[in-house]
Amino acid sequence: MSRIDGRTPEQLRPVTIERGWSKHAEGSVLISFGDTKVFCTASVTEGVPRWRKGSGEGWVTAEYSMLPRSTNTRGDRESVRGKIGGRTHEISRLIGRSLRAVVDYKALGENTIVLDCDVLQADGGTRTAAITGAYVALADAVTWAQHKKLVKHGRKPLTDTVSAISVGIVDGTPLLDLCYEEDVRAETDMNVVCTGDGRFVEVQGTAETTPFDRKELGALLDLATVGCADLTAFQNEALARTLGE
Amino acid sequence: MSRIDGRTPEQLRPVTIERGWSKHAEGSVLISFGDTKVFCTASVTEGVPRWRKGSGEGWVTAEYSMLPRSTNTRGDRESVRGKIGGRTHEISRLIGRSLRAVVDYKALGENTIVLDCDVLQADGGTRTAAITGAYVALADAVTWAQHKKLVKHGRKPLTDTVSAISVGIVDGTPLLDLCYEEDVRAETDMNVVCTGDGRFVEVQGTAETTPFDRKELGALLDLATVGCADLTAFQNEALARTLGE
Amino acid sequence: MSRIDGRTPEQLRPVTIERGWSKHAEGSVLISFGDTKVFCTASVTEGVPRWRKGSGEGWVTAEYSMLPRSTNTRGDRESVRGKIGGRTHEISRLIGRSLRAVVDYKALGENTIVLDCDVLQADGGTRTAAITGAYVALADAVTWAQHKKLVKHGRKPLTDTVSAISVGIVDGTPLLDLCYEEDVRAETDMNVVCTGDGRFVEVQGTAETTPFDRKELGALLDLATVGCADLTAFQNEALARTLGE
Amino acid sequence: MSRIDGRTPEQLRPVTIERGWSKHAEGSVLISFGDTKVFCTASVTEGVPRWRKGSGEGWVTAEYSMLPRSTNTRGDRESVRGKIGGRTHEISRLIGRSLRAVVDYKALGENTIVLDCDVLQADGGTRTAAITGAYVALADAVTWAQHKKLVKHGRKPLTDTVSAISVGIVDGTPLLDLCYEEDVRAETDMNVVCTGDGRFVEVQGTAETTPFDRKELGALLDLATVGCADLTAFQNEALARTLGE
Amino acid sequence: MSRIDGRTPEQLRPVTIERGWSKHAEGSVLISFGDTKVFCTASVTEGVPRWRKGSGEGWVTAEYSMLPRSTNTRGDRESVRGKIGGRTHEISRLIGRSLRAVVDYKALGENTIVLDCDVLQADGGTRTAAITGAYVALADAVTWAQHKKLVKHGRKPLTDTVSAISVGIVDGTPLLDLCYEEDVRAETDMNVVCTGDGRFVEVQGTAETTPFDRKELGALLDLATVGCADLTAFQNEALARTLGE
Amino acid sequence: MSRIDGRTPEQLRPVTIERGWSKHAEGSVLISFGDTKVFCTASVTEGVPRWRKGSGEGWVTAEYSMLPRSTNTRGDRESVRGKIGGRTHEISRLIGRSLRAVVDYKALGENTIVLDCDVLQADGGTRTAAITGAYVALADAVTWAQHKKLVKHGRKPLTDTVSAISVGIVDGTPLLDLCYEEDVRAETDMNVVCTGDGRFVEVQGTAETTPFDRKELGALLDLATVGCADLTAFQNEALARTLGE
């Protein structure tokens, strides 16, 4: 079976990770998974929310949003509608949890890092691209905080890397990294977030049209594990480049 | 190892399902998983939302909410704060998706069923109790609609049953149906939604403190599969009773 | 004349008051006036709102809400609509004022008690059932606060009991404790809140279709005074039982 | 006992009613009860809200608001806070109900009249001045609608006049038409809405500090009945003048 | 060419400025430009917003609003819609900026003055009438603050006067002070805010239907400069009268 | 005098205009004025808002927004705050008016074009870059609509080009195209919107610290006119390129 864009079932779309895309943010990344493009910025501020003050621990949170015309049909702005939709809330929370899984709050100290993930163009997999890109922006922000001595000498606020990929069953075949057209047709889709050492941070599988069994679940996790390993390599490669190159 | 309430790792809390708790709703259930109590009502209306008109297909949706003092500390009402929080949105969407997985829209015809799941008392597992109870309320509402001839003779709008349970790893041990205290201490927790035939509708696993590996994931799914089978039996038993008994 | 449910004009519907319905709240009551069921919880917190700090006085407030399917037709959730309706506001304010009429703020000390009155099933008289039940929850919460030494030894934060009942003129006849069907047909309806010693805290009479004269007003107040005295007896009886029996 | 402004207990403050204060509105009145000044406009539109279409009946509703500096201390605008407070809601509803008590919807036909009551300066009794003034604006709007043939020839949409006054017990003495300083010190206060023929439309009595008994209630109603009769005379006098004089 | 109301192109509508219209506000003015009537109050409070604390400097801000029936057709209340419209925001900001242009914050000291401009009746030019009237209310409020010693002896918080007028091109002719009908037909309209010494604080010109050239812009500025000088004279005259006369 | 970035007073920052930046939008442009980067998309839909139906005329509107970390310090998202700020409203309205000045609604036919201008990075002049870029996106969208036959053969919905630039007086010197640092220090700043033929669509001048006189206004308009002419050339050049090159 050949996929809509000619990929094999276990193949990622072309991935690009551009660091330093913003002159203001402490970390910033433009990441693309094929035609999906997400702009991720990491903003560092000294201090933590009130409920965490005096704990000696930091905080990391995330906000996800789609530009109105990032999709095929223009959507209303949530600011204009005056409230945030359920999907936006859900994805923002997922990104935050995923990144916090690799943060050592004690090492971060009482600093807050906010990750903003704004989808400039959507073609499926926006939340997984957001998590993967946000990790790189977070890493750059942590480095910045270390240089500024906001993080104590020798402390490592990040315990591992984190990346995410979507998988799904389309016409009975498990596929990696679904584009929008595949996503719409999927019987089951799943988003998997992994650490660099290959363990799971989140596994969110949903039967869109047909409940799935243990064997199908296994096949999807196999695909996702390999996909996240590839993304981890892309992240490390991007972070190995000198910023500004 | 003995659990906080004396259960074995693979044991559910006492489950009760009382049908017919509301004189107004077409289906209504008070379900309890131990001290967690959720009031589920199913409201049937003829017609469907605008975007579905003329399709010949029905619609099922859900709203979840916690009473302000369902928890140990009183929470603000979302109506007073003027907006729905991310967690509420997320759970409402999960309940809706889970039930829709067993709905045959064509058989339902152009009718809408809204499931309201209001948590009267919370002690962990409110979303899983809500799904499990809402299914029973939905089944009663469908029966009502059949009697009222809103559903055509001979059509079966429900293709299977659906139930849900939480599982998690606490102090390294996989446990079924976490109570609040266990949930707070869990390294990983997972909500699993199954159909009556044992397939998965949703698998949502989250590493709270420690990423989990494939083997741990497997152990959790084993527990959840057995737990959901037990809940399916409780649902069938409850539905077998004459309403009003 | 016989009423729809066979009562005499001056007869209350069956009243039940179950205490200790919540394991979390400091006071909790499930009250029913016939088919009207309201769940009342009292939440105690140390401290008072900012504008009252340092006064040595406490604060008591209330919030009323109806579950979406407490009525015959499902209503939208106010949290989903993003704002509280006028009727909800008005009843919340009425409950708060009614309870505050029997509170000695000095004796309560700088503690806050919030009464939540959530209507599980509505059949007329939800606000009067809410006030009557909330008083009992409040009394239990005050006892709890005394045991916890939040209230100073020997101080009595409650100066009397308080209860409420609706009355109305239906087809020219003054009736006590209107059920929904009677309420809809009433020419005039009135909610009366009384202290245990028979004085008035609130008298809210409204001509729904026909203005009323002084004699009709008198007849309604006569009925309400007797009705509230009966409710006071039910409250005292309920509070005389050992909690948990 | 002499009152703060030298009035006797049963004396109204000076009342002025200026009609035709707006060049746009179909009816408009600037009413003052002493230093309380309320600007009332009546806006007529053909047609009725959706839920009333095809009924052949009209609709009358009201909105009340206070200018931010109508009071001694500036209050936040409700438009800026993004929501309407409970008090505003409650008074808007009271004004609407009071006026609807004298409207014959059939005679009005499918027309809507909205009464806007904006408090320019507040010194107690704003809601009663609003009702009293709004009636006059409503009467002018009805006349306008008759001239425009929106109301059928010979139909009388208004069945009577309506006015309102506050009464209260201050230092044990029942007083008519409380100014702000008296209102603050009242043990009990009551707003009474009467038709021109002396019957009650609304009686809303509240014990602010001390519950009241039947005799006190009687004394307050006596005062209010006389006060409303005086206001009815002022209304008729104002309406007898040629508009524009 | 003769204008709709018989004025010459360079003629203002009749201007009236009544001071002391509110017994509560520290400064208050009812200003009219023909049929446009705006009620302006100035509210003084000690202290400044948090971000300005400790600076030794004061703050001046403004809020503009239209009563629902100030216009020919009734508009929804922004408080009911739950949000402030763009036009309201824009004009509130314009009024605030215009007044701040003549405020010496150091001389004002840490006091805040809020100008509320509520349009009672609209017939074009509401924002310019608001600015012109608000200045007079501000001047009275400053005098009040000086008497109360909130402003230090000898300090002059106002460095000049400020007034505003609209100009526009209608059927090719530049006109001063457009009424509503002219405003609707204008090809270009412009609001100009001037200090008493004839310099510009704001120039906001908009081509409604036809872009304008440098020469037309010049003609409009000429008109506006003369109009503002006239308004300055009216302001000084009003302030020269004894308050209460 | 040398400017902070070495420019002469009448020199623009480097301008880049990249078309075709989005695969979904009917027109899309990434425009930069130095470090200010704005992403502009034009979305075409058949049909017009309700109030315009049946007129045969189209509609063009715009929404402006800043990404939270487009500025030096992270700002709250307006969607999270639940309302749009005054500045956002004001700029959205300005962009819409500016573009509509060159639209022939009849020629456009009953089609709606929405311009979204999202600021990715801000360094002064975001609204002028937005207008300048949005025009190019609009032109591409119109071309698309012509190809799709939404616009009738031979009709030209755009009557001219439109561009915008900021000017201001800094330390007494009139400067073109202020960057953020200059903007903060400006005594007066002005935004000028011109058509391609050099006439004015909008002139918005504000005295930030010092009122300005006629001569200064003239100097600023001179600068702006030349700046807009340069921008017009950049727009035409960009539109002359084959899309995708």
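Letters A, B, C, D, E and F name the chains as they come in the text, with residue numbers starting at 1 for each one.
Throughout what follows, contacts are C-beta pairs under 8 Å (C-beta built on N, C-alpha and C of every residue); 3 or more make two chains touch, one makes a residue touch a chain.
Since this is a predicted model, take the numbers as computed values, not measurements.
Peer 1: Average the CA atoms of each chain to get its centre, and name the chain whose centre is farthest from that of chain A.
Peer 2: Farthest by centroid: D.
Peer 1: So which chain is farthest from chain B, going by the mean of the CA atoms in each chain?
Peer 2: E
Peer 1: Residue numbers at the chain C-chain D interface: does the shared fraction exceed half, giving same, or fall under half, giving different?
Peer 2: Same residues, largely: of all residue numbers at this interface, over half are found in both copies.
Peer 1: Rounded to the nearest whole Å, what is the centre-to-centre distance of chain D and chain E, using the mean of the C-alpha atoms as each centre?
Peer 2: 33
Peer 1: What is the distance in Å between the mean C-alpha positions of chain E and chain F?
Peer 2: Result: the chain centres lie 29 Å from each other.
Peer 1: Taking the mean of the CA coordinates per chain, how far is chain A from chain C in Å?
Peer 2: Taking the mean C-alpha position of each chain, the two centres sit 51 Å apart.
Peer 1: Can you list the chain A residues in contact with two or more other chains?
Peer 2: 82-84
Peer 1: How would you write out the ring of chains in order, opening with chain E and then chain F?
Peer 2: So the chains, read around the ring from chain E toward chain F, go E, F, A, B, C, D.
Peer 1: Which of the residues in chain D come into contact with chain C in the complex?
Peer 2: 83-87, 89-90, 92-93, 97, 101, 160, 190, 194-195, 197-207, 211-214, 217, 221, 225
Peer 1: So in the complex, which bits of chain B are touching chain C?
Peer 2: Residues 22-25, 28, 35, 39, 41, 43, 45, 63, 65, 67-72, 74, 77-80, 82-84, 88, 114, 116, 118, 120-123 of chain B touch chain C in their complex.
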